[in-house]
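Each in structure tokens, the structures are laid out below.
In what comes next, chain A is part of two complexes: it sits with chain B in the first one and with chain C in the second one.
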Partner chain A sequence: MNNLVRAALAAAMATLCAGACWADTIKVGVIAEFSGPFAIYGKQYKEAIETYVAQHGSQSGGHDIEFIYKDVGGANPDLAKTLAQELLIRDRVNYLAGLTFTPNALALAPLIEQSETPTVIFNAATSAINKQSPYFLRTSYTLWQVSTPLADWAYDQGIHTVVTAVSDYGPGIDAENAFKAAFEKKGGKVIDTIRMPLATTDFTPFIQRVRSQAPNGVFAFLPGGPPTFGFTKSYNENGLAKEGIRFLGTAETEESNLQALGDAAIGLTTAFHYSEAHDSDVNAAFTKKLGELSAGAVANWASVGAYDGTHLIYKMVEAAGADGPKAIEAVKSLKWESPRGPVEMDPKTRTLIQNVYIRDVERDKDSGRLVNREKGVIATVGDLGWTD
Partner chain B sequence: MSLILNIAVDGIAYGMILFMISIGLSVTMGLMRVINLAHGAFALLGGAAAHALIARAGLSFMAAALLAIMATMAIAFLLERLVYRRIYGLGELQQVLATIGITFIFIALVNRLLGSSLLAIPLPDFLQQSVDLGFRVLPAHRLAVILAGAVVIAGLYLTIERSRFGTRLRAAVDNRSIASALGINIDAVFAATFCLGAGLAALGGILGAELLPIDAYYPLRYMVLFLIVVSVGGMGSITGSFMAALALGILETASRYLIPDFGTIVFFAAVMAVLAIRPRGLLGKA
Partner chain C sequence: MSVQEIPLTTIRTRIRGVPLMPEAVMLALAVIAYFLFPYDLALLTRIMVMMLFVLSLDLVLGYAGIATLGHAALYGTGAYAAGLFAVHVSADPVTGLVVGAAAGAALALVSGLLLMRAHGLTLLMLSIAVTLICQEIANKARDLTGGADGLRGIRMEPVLGLFKFDFVGRTGFWYALAVLCVCYAVLKVVTLSPIGLSVRGIKDSAARMVAIGSPVYRRLVTIYTIGGAVAGVAGALAAQVTQLVSLEVYAFNLSAEALIMLILGGAGRLHGAIIGTLIFMVVHHIAASVDPFNWLFIIGALVLGIVFFVPAGMLGIPAALRNLTGRNGDARP
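Entry: the complex of A and B
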């Protein structure tokens, strides 16, 4: 090989390195719960990210992608901020992700604004978050997005009187307002609005109060786990379904606790954006790979939020490498086929425009497990809670 | 009229569940005077074992519940021999720290083995049906809990107030050295009582699971509830715990029927009032 060719090769390599610089590593910091009462969310995010990586490889656009996990343990904005600082300054991450709770997400807004770091929210569902910084992108859903279509649908099904029963905390009250506004706009009547203390363990008195007013339906919103368990049990045991008081919910029958609800859950109606039983090739591939990688793993809203979030990060890295503003620009109206169905980024709210499905809980004949069987799409909507 | 009946029925049913889940603590903390914050951990162990035996090993509810309670008692026996014996002599703060440490260990263990989602304990068919009371229906398992609560309170009363074992236990708690000098085998009495407390915790965990479902965080989630029942009832008094549980159950249920927006405030205000007037609880010994 003569000197000229050698020099040309060296020059070419130097140019390549200065430009895209192949085989560099783009780091993604994931802030989520890996210990404490909400540890299941962190676990599910991690499983979903690993599933995506197993399906699509650990590279995007010629860059290696590395995930760094940090445990925030729950709703703890100070710690979330500290962890984000650590990730940005010490680990030099180019992207942030995770974030289950709204206060944690809000705490990050000034940081990511300054460092121009695209941040993909896997869950935190308050509409207002994305207004705090143009670097927030969200792959979950907002309460308004599912509650409003549910109210419309219920009215069209002949459910004209409803009692709302929500847990007495921020999201519960949001859900109550969203449902009530939409239902009354349609012409329906909300007879009573019950707010149940978060510490409630025996829901019988509330269920009896619903029963005594004999509405066509009861709209419920409770945090997952024990409260949902107690409420659906009481609903069932007190024979409300038999008396024609239909259960209307959103996330109550989500998959991670669905099997524990047992037969009491059969027949519960919910409006939501994702069911593990969604019938599509993408979802089948996702749930199959997820099950292969982590035995016994179930796919739910947390998994699909993280899976789509990872997709978004891969697309950003592919288009812009480590350039934050350019990355946001590249994906802000991205469309793709998610395990939940077709989705699209809304450039204004940076939240997904997606299908809301109406589902009934059934026992699957083949597997013997309880599933959320989708009965149809009732709306394709973006963030309905967004105000300019 | 039906409102009063509803409050009475639901209040008693709820009160009995409160009694069942806190009676184990009444025994270990009330009778043995060890601040056993790990009580919930034994309830969790019992519940988690019952879940695993039913859902994974396919046992029937009765067999699984029995085995789970026995397993919890066996673990409690080992713990008593190895750890709790040293805890008895510690100061109050050290007891709190030691037993809460044990709680964290069990939470982490269950989280590792069974995950952090709800661990259902499916009931047998005869407990799942609803019983018609004329004016309304009541789930059969609530009746079963009321029945179990009555059996437990009667059994404990006979054991502690009427039997020779009870006399020895009370003597051992009141004055260890004199009881020992009189030839009472203190170690054996304490070990047996501790296992009894753990067994009752497991029973309460399993029977109460319909209302307070088992998951890895169970011990911390309901710790305040257990402690309230025991402190309102009065340390060292089984009957006191029973009365406190029923009274609190009825009070909370009544407030949720009548003034639902203030349910939680009424509950805690009542607890504060009782403890302000009677700092040692309803039937506490001075």
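Entry: the complex of A and C
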């Protein structure tokens, strides 16, 4: 038995040395969802990473870059932390990435602080995460970042009274607070704030409540999937649009849900940082390559978050190799042209400063698909939810 | 009994005669695992936390026959109690465990007073309802619990003032192992004590237990409360090791997975809970790292296989094999 233990230990040591000596490969651990109800996010991250690698090669600054994927299955901080420890200790990764859910990202904070590992958040959108460790960088957006400009814009369009209807959980309440604060500051009036239970499937009572108060607009925040279908369907069936109650949203019409929403979605107004239909060469190249590599893939916020995250990792590796603190310094204030438009890494909040676009859902004449047509940039902002 | 079989039986009795043999083997394996898998200490720690949780379910479901799908309520309450205690009062780990145990036991007592009046499907539904209520409270009390973002800011002091929680997870491992051993010992005593024996009787036939004068309702509430304390310790341990508590501690999934692990190992025996958890979590881990995209198929196949071929769980395999070969003196004709 003793010999067996020794042999196993020796083998483990040998692999470890092999990993350390092969300094030319920089490893990136991607912690995301590849199974369960949120598997679509992991799939989109992976597709976007592969698209970036296909466009830019698997090397940066003379180092090979290797991605290791780990399945966390959903919001599960215990597992996220275990996976990160495994990646850092056994696989010796130099960078971490992924992270859809806020608790998963928060659980990593003490670890990456100790190991000085730059960690690129592809989604998790709570402002406070980046305050927990200087090694967090975020290539998605925060709820304040899109809700606040939407409130300003709505007021300028003559929408002076609004009812907010949000799902009753953390992000929903954040969105409500952000919208309300900005809208009231402008001089608008929030008549009613409705919080709908997360598991609601029948939205008619809430929609009726909105209708009876006859506001100029209704600000909604719902998690993707069935709740969004249900809400937009009720919105149309109850004729709110005809009565002049404008729909104001953020991620509700994101591309992976959009086709399924059908004609009910046409005319919905949202403020968001990325549309698959964004008109630029970079985006055209990105969506084209993505479609070539994986048939039927749609580009949405998850894809663009991962694509820009990969870009950021490539830039860090190019500048600093495996040196974590130096890598972070190197990309602070980095500017580049993303598929979503021009972006800049804010050195203070380590979240992207980016354009927020106002979009209407339309049916594209050429492809016959529903698209989020950008009507204009309403603001270029950093993380508005950051508090010192 | 034929002449040839005598030596076999004596050998078996002799092996069984060694006190606490399975426990000693398990403890030895845990220590060996520490040296054999120095890079997987975080995983081993998580497995031990889960073992503790499944042990508590074993007491409630395997021994007392209380059919619950809401065991996560007790785990989650223990986790939040220990987390809040660490943030607001004291970051001492051991005191935190006591607080977690007290919180788990308190919820088990209060909810048990209602739950233990119900049976079967009603009990199942009520137990799920209790978990959902807890989850909604944690979600609503955002200022206190952090809501969907999770309760953050838990920074633990060294265990007993001596051992700091380290990056690789050495302290976490030994800490969890020690807690697991203590709780296992407590549960062993409980299951061998008169109350343990009487709840086994209740599981087999509550009506007869009433007939011989056993206070069935009170016994069940007591055993549920003890189970709640152990589940609370498991939750507290998870909160301290992860240093974050999220709403997922109340997830229905957690209760269901614990049930699968218990059935896998064999309900009604403490080491069944340990073996089931170990096999499930190791298979889960290996399958998920070999193929992070399709590993759920393997888990599904494992559970199906167990349910079809060895309904009594892993501990039922030797008996099943003996029955198959027909070499066993105790085998039924």
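We take it that the second predicted complex is superposed on the first by the 365 of 388 C-alpha atoms of A that agree within 3 Å, B and C clash if a C-alpha of one lies under 4 Å from a C-alpha of the other, contacts with A are read in each partner's own complex, and residues count from 1 in each chain.
Following the convention adopted for this analysis, contacts are C-beta pairs under 8 Å (C-beta built on N, C-alpha and C of every residue); 3 or more make two chains touch, one makes a residue touch a chain.
Note that the structure is a prediction, hence the values are computed from the model and not measured.
Chemist: Quick check on the chain A-based superposition: chain B and chain C, clash or fit?
Modeler: Result for chain B and chain C: fit.
Chemist: Going by the contact rule set out at the top, does A:T204 touch chain B (first), chain C (second), both, or neither?
Modeler: First partner only, chain B.
Chemist: Considering only touches as defined above, state whether A:Q132 meets chain B (first), chain C (second), both or neither.
Modeler: Once the two structures are laid over each other on A, A:Q132 reaches chain C alone.
Chemist: Which partner does A:F34 reach: the first (chain B), the second (chain C), both, or neither?
Modeler: A:F34 contacts chain C only, not chain B.
Chemist: Who does A:S333 touch here: chain B (first), chain C (second), both, or neither?
Modeler: Neither partner.
Chemist: Should A:P77 be classified as contacting the first partner (chain B), the second (chain C), both, or neither?
Modeler: In the superposed model, A:P77 contacts chain C only, not chain B.
Chemist: What is the contact status of A:P226 with respect to chain B (first) and chain C (second): first, second, both, or neither?
Modeler: Touch status of A:P226: first partner only.
Chemist: For A:T25, select first, second, both or neither according to whether it touches chain B, chain C, the two together, or no partner.
Modeler: Neither partner.
Chemist: Just to confirm the value: shortest Cα separation between chain B and chain C in the superposed three-chain model, in whole Å.
Modeler: Between chain B and chain C, the shortest C-alpha distance works out to 6 Å.
Chemist: Does any part of chain A touch chain B in one structure and chain C in the other, and if so which residues?
Modeler: Comparing the two interfaces on chain A, one with chain B and one with chain C, the shared residues are 39.
Chemist: How about chain A: which of its residues touch chain C in the complex?
Modeler: 5, 8-9, 12, 34-36, 39, 42, 69-71, 74-79, 81-82, 85-86, 89-90, 102-103, 106-107, 109-111, 114-115, 126, 128, 132, 168-171, 173
Chemist: In their complex, what parts of chain B are in touch with chain A?
Modeler: Within the complex, chain B touches chain A at residues 6-7, 10, 13-14, 17, 111, 115-120, 122, 128, 130, 136-137, 139, 210-213, 215-217, 220-222, 225, 252-253, 256-257, 260-261, 263-264.
Chemist: Which residues of chain A touch chain B in the complex?
Modeler: Those residues of chain A that touch chain B are 37, 39-40, 43, 194-197, 199-202, 204-206, 208-209, 225-226, 229-230, 233, 237-239, 256-257, 259-263, 296.
Chemist: Applying the document's contact rule, which stretches of chain C touch chain A when the two form their complex?
Modeler: These residues of chain C touch chain A: 32, 35-36, 38-43, 45-46, 49, 139-140, 142, 146-150, 152, 155, 167-169, 238, 241-248, 288-289, 292-296.
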